[in-house]
Amino acid sequence: MAHRVQIVGATGYGGLGILELLLAHPDFEVTSLIARDEAGRRIDEVYPHLHGRTDLTVDSVETTPVGTNCDVVVFSTPDGVSQGYAAALADAGMRFIDYSGDFRFASTDDYAKYAARHPSIADEAHGAEALLGRAAYGVSELNPEGVAAAPIVGNPGCFAVGIILGLAPLFQDGLVGDEGIVAVDGLTGSSGAGKKPAPLQHLSHLNDNVIPYRVLSHQHVVEADLTLGRLGKANGAQVDFIPHLLGTTRGILNTMHLRLTQSASREGLLERYREYFADAPFVRVLDTPPTLKGTLGSNYCDISVFVEGNRAVVMSSIDNLMKGQSGSAMQNLNLMFGSAQTAGLDRTPLYP
Amino acid sequence: MAHRVQIVGATGYGGLGILELLLAHPDFEVTSLIARDEAGRRIDEVYPHLHGRTDLTVDSVETTPVGTNCDVVVFSTPDGVSQGYAAALADAGMRFIDYSGDFRFASTDDYAKYAARHPSIADEAHGAEALLGRAAYGVSELNPEGVAAAPIVGNPGCFAVGIILGLAPLFQDGLVGDEGIVAVDGLTGSSGAGKKPAPLQHLSHLNDNVIPYRVLSHQHVVEADLTLGRLGKANGAQVDFIPHLLGTTRGILNTMHLRLTQSASREGLLERYREYFADAPFVRVLDTPPTLKGTLGSNYCDISVFVEGNRAVVMSSIDNLMKGQSGSAMQNLNLMFGSAQTAGLDRTPLYP
Amino acid sequence: MAHRVQIVGATGYGGLGILELLLAHPDFEVTSLIARDEAGRRIDEVYPHLHGRTDLTVDSVETTPVGTNCDVVVFSTPDGVSQGYAAALADAGMRFIDYSGDFRFASTDDYAKYAARHPSIADEAHGAEALLGRAAYGVSELNPEGVAAAPIVGNPGCFAVGIILGLAPLFQDGLVGDEGIVAVDGLTGSSGAGKKPAPLQHLSHLNDNVIPYRVLSHQHVVEADLTLGRLGKANGAQVDFIPHLLGTTRGILNTMHLRLTQSASREGLLERYREYFADAPFVRVLDTPPTLKGTLGSNYCDISVFVEGNRAVVMSSIDNLMKGQSGSAMQNLNLMFGSAQTAGLDRTPLYP
Amino acid sequence: MAHRVQIVGATGYGGLGILELLLAHPDFEVTSLIARDEAGRRIDEVYPHLHGRTDLTVDSVETTPVGTNCDVVVFSTPDGVSQGYAAALADAGMRFIDYSGDFRFASTDDYAKYAARHPSIADEAHGAEALLGRAAYGVSELNPEGVAAAPIVGNPGCFAVGIILGLAPLFQDGLVGDEGIVAVDGLTGSSGAGKKPAPLQHLSHLNDNVIPYRVLSHQHVVEADLTLGRLGKANGAQVDFIPHLLGTTRGILNTMHLRLTQSASREGLLERYREYFADAPFVRVLDTPPTLKGTLGSNYCDISVFVEGNRAVVMSSIDNLMKGQSGSAMQNLNLMFGSAQTAGLDRTPLYP
């Protein structure tokens, strides 16, 4: 019997993404869509490309409370929202995944570092501190057993997924020098910012443009620093991150520069990466540089490494709405409910 | 001595466009920028690409009333705004150009047809009826003497410019059959909708997309119908117009299908077009189909004509922010103040 | 047991498209990839986005002759190629689908009209005349039984699919006046021209551009004219077609203007369209104008109709590489081998 | 009297760029266009956007030898071409500018480092060694007097311009630690690769894509390393450079990560940059991150600096066809012939 899923925040791109994946999944069933803004409308009116794919209607949280008629809740909501529902859900034994930073951190100290960088939640205490320790951080590849067992999964930030997967083998092996400093230029499509109209995402401004923003201050870096810095032989990490907004819709390509603690050959590193990700069905280690479109519409993370003397450059490509968001959530749901990791996610990237 | 210009609505794309043209013009000087939203900020803070080009600061209409310290006012404002200032300006002998539909029509009857199609002004009476007869419609090529002499110029709608110039020779000669019906597909970049964030112009929605809108109901068609239908031997016109929003920033390409009243050769029609526009420095009659980028950043209107039996297809390309807006306004200002039509407008399109 | 498919011309976008669909299809298996240019290379080297999806290697026709080890051949090849193999395949009882114009026409007369418009084959006689009568024209919706039974299917041209589906109900009912003349502006992404580098498809030229081409002379119109003009009460059709190349990769949006023989309401026409396509799982009749991205990556054809007096405008949107090419081929293969039409094609469009 | 210019390689984007600038320049006149491929055609047939702007026809070098009827030659040609003409021109006292790497290096040793990275010229000896010492490297801001006096100017590589201007103040002051290592991610539009159709620049492949290439091996880095490493207190430079091809036409944005030898405040560095470029009319030091479109169509180089502890990030934006190529060439021609640096270059970026 299909596992029943409720999506909260169903009308944003995150809600749309997981809805589409679940509609095509043999083991899951979407029982309700909750959203603040479009309650009462059919979801295929909100998103006409869904015409004929589903009859679901958007409900308000007043008519369909969070946790109703489901086995798991997916929160595709801003920071701070799921915190408010967490205790009640936990008490009821209901599992949930959250897309925001609410449950990505194992302690209030870690969370505080993140919150400090996030204008909308700076200086606010976490609303469900006691549950932080029960949440698993959802970069599926790093902790599949943890995710499988967790009552709560904190789905990772889109930039963090590509950075963490791209650097994990090197931090694991203690190969990153300079006290773990990595210079990262992240290139992202506009969809990571959601569908709300805003000056930065206005086509006349962004089309054909590249716009660096939150220079050295993006909040996703906190989870990358904490996660990478605690892997294996790692002893801290510090990602100097410059996000660049591109005039395209989907995709994140991270280019990461670092100094190795010991010399290594490119072939040796690629081999190590392939070994490290041997059981990860969505990580592809390539001989050639990954491209943004090489992962479009799929759940893949494509990675390659280049070396010059004691310096290495790692590049990773993901679809920010798939592996960077709903694809990771689907992968985590698969882990949580015992399906194959690839169930419902076995998609070739859309090319050309 | 330079003619002094005040720009009202200076922080939109229309205000920006005429500001840039005037800053580079030998005969004009911008003395003030008026806007509601950014008063007190330097215009190069609002638009960083202007850094180093001007020291002008945006004023509110409270501190710098409309008509202050200038020889002419350019209203780059929504429908209904200039109507409110028109009488006072006319009384003071101040000339002005308006970008909206307020002064594009010679009579209240004509204006009513336009207003009926325009959600924001439907059913509102014109606020300066008495002045309609003193305004010239500013498709510069059709009426250069009228524009030169007029105290008020109604700058044309962006779609209308390309449609009117593309069809004028045929209507002039009475060559359009089917009672003047022309089927027009207009393709436009996003900038015609201005800089205000909106769902239709969100990059994630519009990038790589084509979105037909206001199907058979766009308000610009009214001025095209009225203007074309009264040219030379014409006896009415009816443009069936489908605007299509493209995922690009600038440019309008209109493809126009019609039936000829009498057979004609392609060569003959091209020759007639060249003759008709012999004195129009910005109309280029091409042997090949015009392209959208072929006029980018310039004031050109590129036109070509194709014939199949008794049916003709005319295509025209303009930059919607230049010939479709500020370029036409600059050309009209040149006419009004006795400069050469091409003064300040002698620009090669930006290619590639 | 899976039906075995050989793809000839496997390294172009058409071959890639059907390969991807077949790899994900439960009822089919790709047994060989034939191509001239990349023989000996793995297909995931040619297309890195396929990394991990298949181990297939490209063969030359010398090492793997056409028709080897398969139940059906898909020719994704230029005009003229499949003609040369057709007789041998027919003799061997091997069915095939062809993407070119070789088998879209039921008679040499019809084919001659098409060939006359096609520079590369003008004035060449068809190489397998005797087989034309055994081929079915593969707009699946118009002739599903014919396709199911045919030994040869002529897969339709990308523009033709959208035009024919958009206009079929009106021609069927004899509603198109003006002797069947329809003015059509087609907007297409670059991928229809294939992957071969060419000046028109160079990004620096095409990005942000709109380029009309083959004005009133595109060869796809011939199959639209012939097909529509013979439907139900229709008495000939003449599509005045202007293709416009856009600076985007995928998708075709056709806007079609025509005069009705009798007045009709918009609601009535939409109702008629819904009835006409009641059994067509991939045609969606929308209340709102279709958009280019609304069908991206899917096999849908989205259609809407608008009416003004006795004039109608029909718009249709398809993904040119799916419903316009490989998706239709897959749908036809499903019909030919008794699978559900939607098998392997049940995909939501990629949005945003 | 206007200085007469001959353009060799006139039909590429580089030749087109300098032609357009010279046509609008009061002090220069183009007397001939030389190219191999389009000899005999009007240049406005090759580039229809030039319709009405010039009557010039493309000549072959056979009919119009290099150096004919001119005061200066601009070579917009591949590596190796101008070397062959250099001696004859020098003997005749004819000055020239070259767009390739032929005259960017002061010694054969330096040139050899560059040539080694360049597939088409690797292992070839320079054809005019004796003249290397008489050429000035044409980053105008670093050496205006040298350029003004030089008989030969080696116009810089597009990536090098943005990297050198962005880092010059720091290297000048000896502030770059880590032995001068700088990690640079360069983002570029497609036009830097010229107009020749190629797989990488095919719209279907590049649109919406990001494609890293020549990872850590791009030849432009050699001139950046040599130039920066010899500035003021600098003691060598090593740029770890990853170029990324974007799906847009124009522009280069470089993001550059380095470690400072001593702590510095952001304000202090910005102030130093403003002082350093006080006499450079085309360098704009911004408080906010530069954007790609912020310099489009102009000769500006926009720069900003950010600091975190002892680490700095510098970003610079140029139009690769202007400041990165023809704009720099025009600026150098102005210096060589005594015009103001800004003559013919006083253009506002095209925005939106």
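Things to note:
As written, the chains take the letters A, B, C and D, and residue 1 is the first residue of each chain.
Keep in mind that, in the parts below, a contact is a pair of C-beta atoms (placed from the backbone, for glycine too) under 8 Å apart; a residue touches a chain by one contact, two chains touch by 3 or more.
For clarity, every value in this text was computed on a predicted model and none was experimentally measured.
Counting hops only between chains that touch, chain B reaches chain D in a minimum of 1.
Chains that touch both chain A and chain B: C, D. Farthest from chain A, judged by the mean position of CA atoms in each chain, is B.
Computed from the mean C-alpha positions, the centre of chain B lies at a distance of 40 Å from the centre of chain C. Rounded to a whole number, the gap between the C-alpha centres of chain C and chain D is 46 angstrom. Separation between the centroids of chain A and chain C, computed from CA atoms only, is 37 Å.
Shared contact sites, meaning residues of chain A that touch two or more other chains, fall at 13, 189, 191, 195, 204-205, 207-208, 247-250, 291, 293, 296, 352.
Residues of chain A touching chain C in their complex: 13, 16, 20, 23-24, 47-53, 191, 195, 207-208, 249-250, 284, 286, 288, 291, 293-298, 300, 302, 321, 346, 348-352.
For chain B in complex with chain C, the residues that touch the partner chain are 181, 183, 185, 187, 189, 204-205, 208-213, 215-216, 240, 242, 244, 246-251, 253, 255, 257, 289-293, 296, 306, 308, 311, 313, 315, 352.
Only residues 13, 189-191, 193, 195, 197-199, 201-208, 247-249 of chain B touch chain A when the two sit together in their complex.
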